[in-house]
Structures are given as C-alpha cells and as structure tokens.
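My questions will all concern the structure given below.
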Amino acid sequence: MLKLRYFAWVRERIGKPEEEIEPPAGIATVSDLMIWLSQRGEEYAHAFENPTVIRAAIDRAHVRADAAILGAREIAFFPPMTGG
Amino acid sequence: MLKLRYFAWVRERIGKPEEEIEPPAGIATVSDLMIWLSQRGEEYAHAFENPTVIRAAIDRAHVRADAAILGAREIAFFPPMTGG
Amino acid sequence: MQMAATVRLQCEPFDAGSEAAKLRRGRGDIGAVVTFTGICRQDEAGAPLAAMTLEHYPGMAEAEIVRHVEAAERRWPLLGVAVVHRYGRLEPGEEIVLVVTAAAHRQDAFAAAEFLMDYLKTRAPFWKQVELAGSGRPRGKIWVDAKQSDDALADRWTPRRAAE
Amino acid sequence: MQMAATVRLQCEPFDAGSEAAKLRRGRGDIGAVVTFTGICRQDEAGAPLAAMTLEHYPGMAEAEIVRHVEAAERRWPLLGVAVVHRYGRLEPGEEIVLVVTAAAHRQDAFAAAEFLMDYLKTRAPFWKQVELAGSGRPRGKIWVDAKQSDDALADRWTPRRAAE
C-alpha cells in the first residue's frame, strides 16, 4: 500500500487530504502515477489536468516527475510552493 | 578665518580637536592646505606624513584633495572612516 | 565553530527580538545579526485582503527548512540561525515568517538570510490562500500563484542547476 | 508612497524591536522588514578586546546618514527606514549600529539594508578605536584600519565611480 497526500488546490480538487492506494504493475514513475490517477475520475482529472505544474515529493523529499516510485511509502502532490 | 577640525589619529597627532587659521594667499585646494599645515610643526608633519590616506570634508561634505577651499568655513581632516 | 540553530513551525506569533537574543546569548564572536520578518500585507496584487491561510506539509516542511539551514551553514561561516514559520489563518499585519542569521561579519549574515528566504519562498512546502475582502459579501478564497520572480531569486544560489 | 525615516546618533543602547515596530505602526502595506544589528565583538583580528570607542563628527555624521537614507529611498520603493548609530565607549557584546528597512517585498528591504550598511562602513564619519585586553597590563588603544573589503562592498552600488 502506498499513502498519497494532497495539498492546497490539488487537495481541494481531489476532495480529500490523503488516501491509500495500490498502484497496478507498470506504474514506475511519479509521472506514470499522475497519469494513472487522472483516469480515476473527474476530480482527479481536474487536479492533474496540467501535470507540468504539479510538484511531487517521495517520502517527504522533493522529486521530479521522472523519479521512480519503487519502495516509496508516501507520495505527495501539490502546486508550486508559496511559503515565506 | 577658517575653522579646522581633526578626528581620530589626525586629532591625536596634531594634539587638538580644532583650531582657527588664516591660510596665506596661494592656498587654493585641500591638498595645498595639507602641505601648508604639514610645515607648521612636527605634530602636523606627523599627521599629514602620508596625505593620500587623509580624508577631508568641507562644510561637512566629503571632498577630494583637489577641491577648492574658496568660501569654506569649516574644513575637517580625518583617516578613512570605520563606522557601522 | 559551534552554531545555535532553531527551526520551528507554529500557529502562534513569534518574537523576533527574543529569537535574536537567544542566538547571541553567552557568545562574544557575533558581530552581525540580520533579522528578516515577512508580514501579511493588507492587499494581494491590489485586491484588499481579509485574511491569509497558510497550509503546510507537516513532517516535510520542518525537514526541508532544516536541510536549507544546514546548506547555509556549509556555505557561510554562520554563528547562529533561527527560522520560525507560521501556519494557519493570519490577518493583515500579522507576521508570517522569521529568519535570523548571526555571523562575525555582515556579508555572511546578509547572504545567508537572503538565501534562506529565497529557498523558503520556492522550496518549503507551504501554500498561501487569501480571502479577499469583498464589498458586502465575501469573494471567496484564492490560492496564491507562485511567482517566477521568486524562482529567479532562488536560482541565484545555484547558477548551474535550478533545482537540487 | 509615504515613508517614515528615523536617523539618530546616540550614546545609549537602542532597541531593534521597538524601532521596527515604530516603522510598521498603523500601516498594512509593509510585507518585509529587514533589521541589521552590528555588535562589538570580543576580539579584533584575533586580539581580545576590552572595549571599543567610537568617535564621530557631530553635525556631519547625521547629515551623511540622512543623505544615504534619501539615496536608498530614491533607489528602492521603501516604506520605512531607521538608522541608529551609537558613539562613545562600548564593551564587547554591546550593539553599535542598527539599520531597519521596510518594504512591500523582501528584495527591496534586503538591498536597501545592505546598501546602507556598506555606506555607513565607508562614508559615515565614525572612527573606531579599540582597547586591547592585555595579559596583566593594558596594551593601549589602537585605531581600527579601514578595510579594503568594505570599500569593495560599497563600490557594488556605484559601478562606474567609486565615490560620489
């Protein structure tokens, strides 16, 4: 099982802050996971409609979309950060 | 009469913080004034022994050594500043 | 060279003066302290603001800031760093973020404070949502867009690659 | 854009927090406040310090600082500036100088604070004399030499000519 966490408008569009999923075989990268998620329903399609603006973290470290998800326990998706 | 003011080690070498002088005709610039002052005694010669390091202000504004002293009321001599 | 480092996320207001005093306590080698305070303005891109809510990624946010404080320590001879970032709902005039850097010389303290702020703006997992003050009725909440100018500022510190 | 500016020379200690609070009072357009505090270190070039005495040129020092504050206002969209410079005898750990800059955005506040400090270091008529702490007997007083590195920092702001 893989824990997914969503923040800011990604969370709002999907309608929940987190969930546990079991990605099917063949989902190797963060990018693959976004494509797979966006096919799970309208809310996901809306959240990931422009995947190039979505940032991701694996186990609480920033990663690029081509990062491998093998071994990940927690993957987060969120818009560009606006802290500070 | 022209008021001269000295600060930091220029003041210490000359032995006084200020004085009034009447520069002779022909003393046109700050540089001329330094040369003339350095001939007034050992303490002045010591203070102005390396005129290129001495900074000057006319009427409380920084000037270069080639600045004209005509009309000046107060001229100050001091080492490079070390504030802040 | 021993360094005091504080990283804290909190809802509550902070006190810049006491954070700076803590860094200086008991040491005489500090010659320069730079304090940056980020404040919630009363407008966002010209629109009047009722409030701002800061969402963060608990667990990751603190770790990211610690990582950047460590990067600053490697880069400049710092004698103390404190970063306090608030989350939750803030009203105009309230303080959002505090960065304090202490060093023997001012250039190091200034550079490290700017570096930390640039990275907090672009890499720390916080998201700002603003509530605009409508004329009569509330005009809803808007997520603040990341600024390209902030990315450009952050890129100053890594001239070869934008992201680590 | 109205700006609060404070320039003060004094023997007494200052309070950075209250100077910053004064700049912010009653206005909601400030998004960034940078505070620089310069502190008397316990050593000068490795030699232990008993105290430092700051001499200044009364009348000129304040005018020079005001002139630089005005230059900073022309250069950056500032919403407030405070400069407090102490003179007289200071012991290690005591604060020497305070610069506070307020702006809507952090880059302007940071740049103006650095600009003002660089100019205070090289152009404001202050001179530091240190008393070294000798082993047993006083080792006398020494005028601090101006640093070429400070001149270089000040020159950043006037790329074409070093002096105005």
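To keep things simple, chains are lettered A, B, C and D as they appear, and every chain counts its residues starting from 1.
The rule is simple: a contact is a pair of C-beta atoms (placed from the backbone, for glycine too) under 8 Å apart; a residue touches a chain by one contact, two chains touch by 3 or more.
This is a predicted model, so every value here is computed, not measured.
Common neighbours of subunit A and subunit D (chains touching each): C. When every chain is reduced to the mean of its CA atoms, the largest separation from subunit C belongs to B. Put simply, the C-alpha centre of subunit B and that of subunit C have 49 angstrom between them. Inter-chain centre distance (subunit B to subunit D, centres taken as mean C-alpha positions): 26 Å.
Shared contact sites, meaning residues of subunit D that touch two or more other chains, fall at 38, 117. Not a single residue in subunit B touches at least two other chains. Chains that are in contact with each other form these pairs: A-C, B-D, C-D.
Interface residues of subunit C facing subunit A in the complex, by the touch rule stated above, are 38, 54-57, 59-61, 63-64, 85, 96-97, 117, 120-129, 143-146, 150, 163-164.
For subunit B in complex with subunit D, the residues that touch the partner chain are 5, 7-9, 57, 60-62, 64, 76, 78-84. Listed in rising order, the residues of subunit C touching subunit D in the complex are 15-17, 20, 24, 28-43, 92-93, 104, 106-107, 109-110, 113-114, 117, 153.
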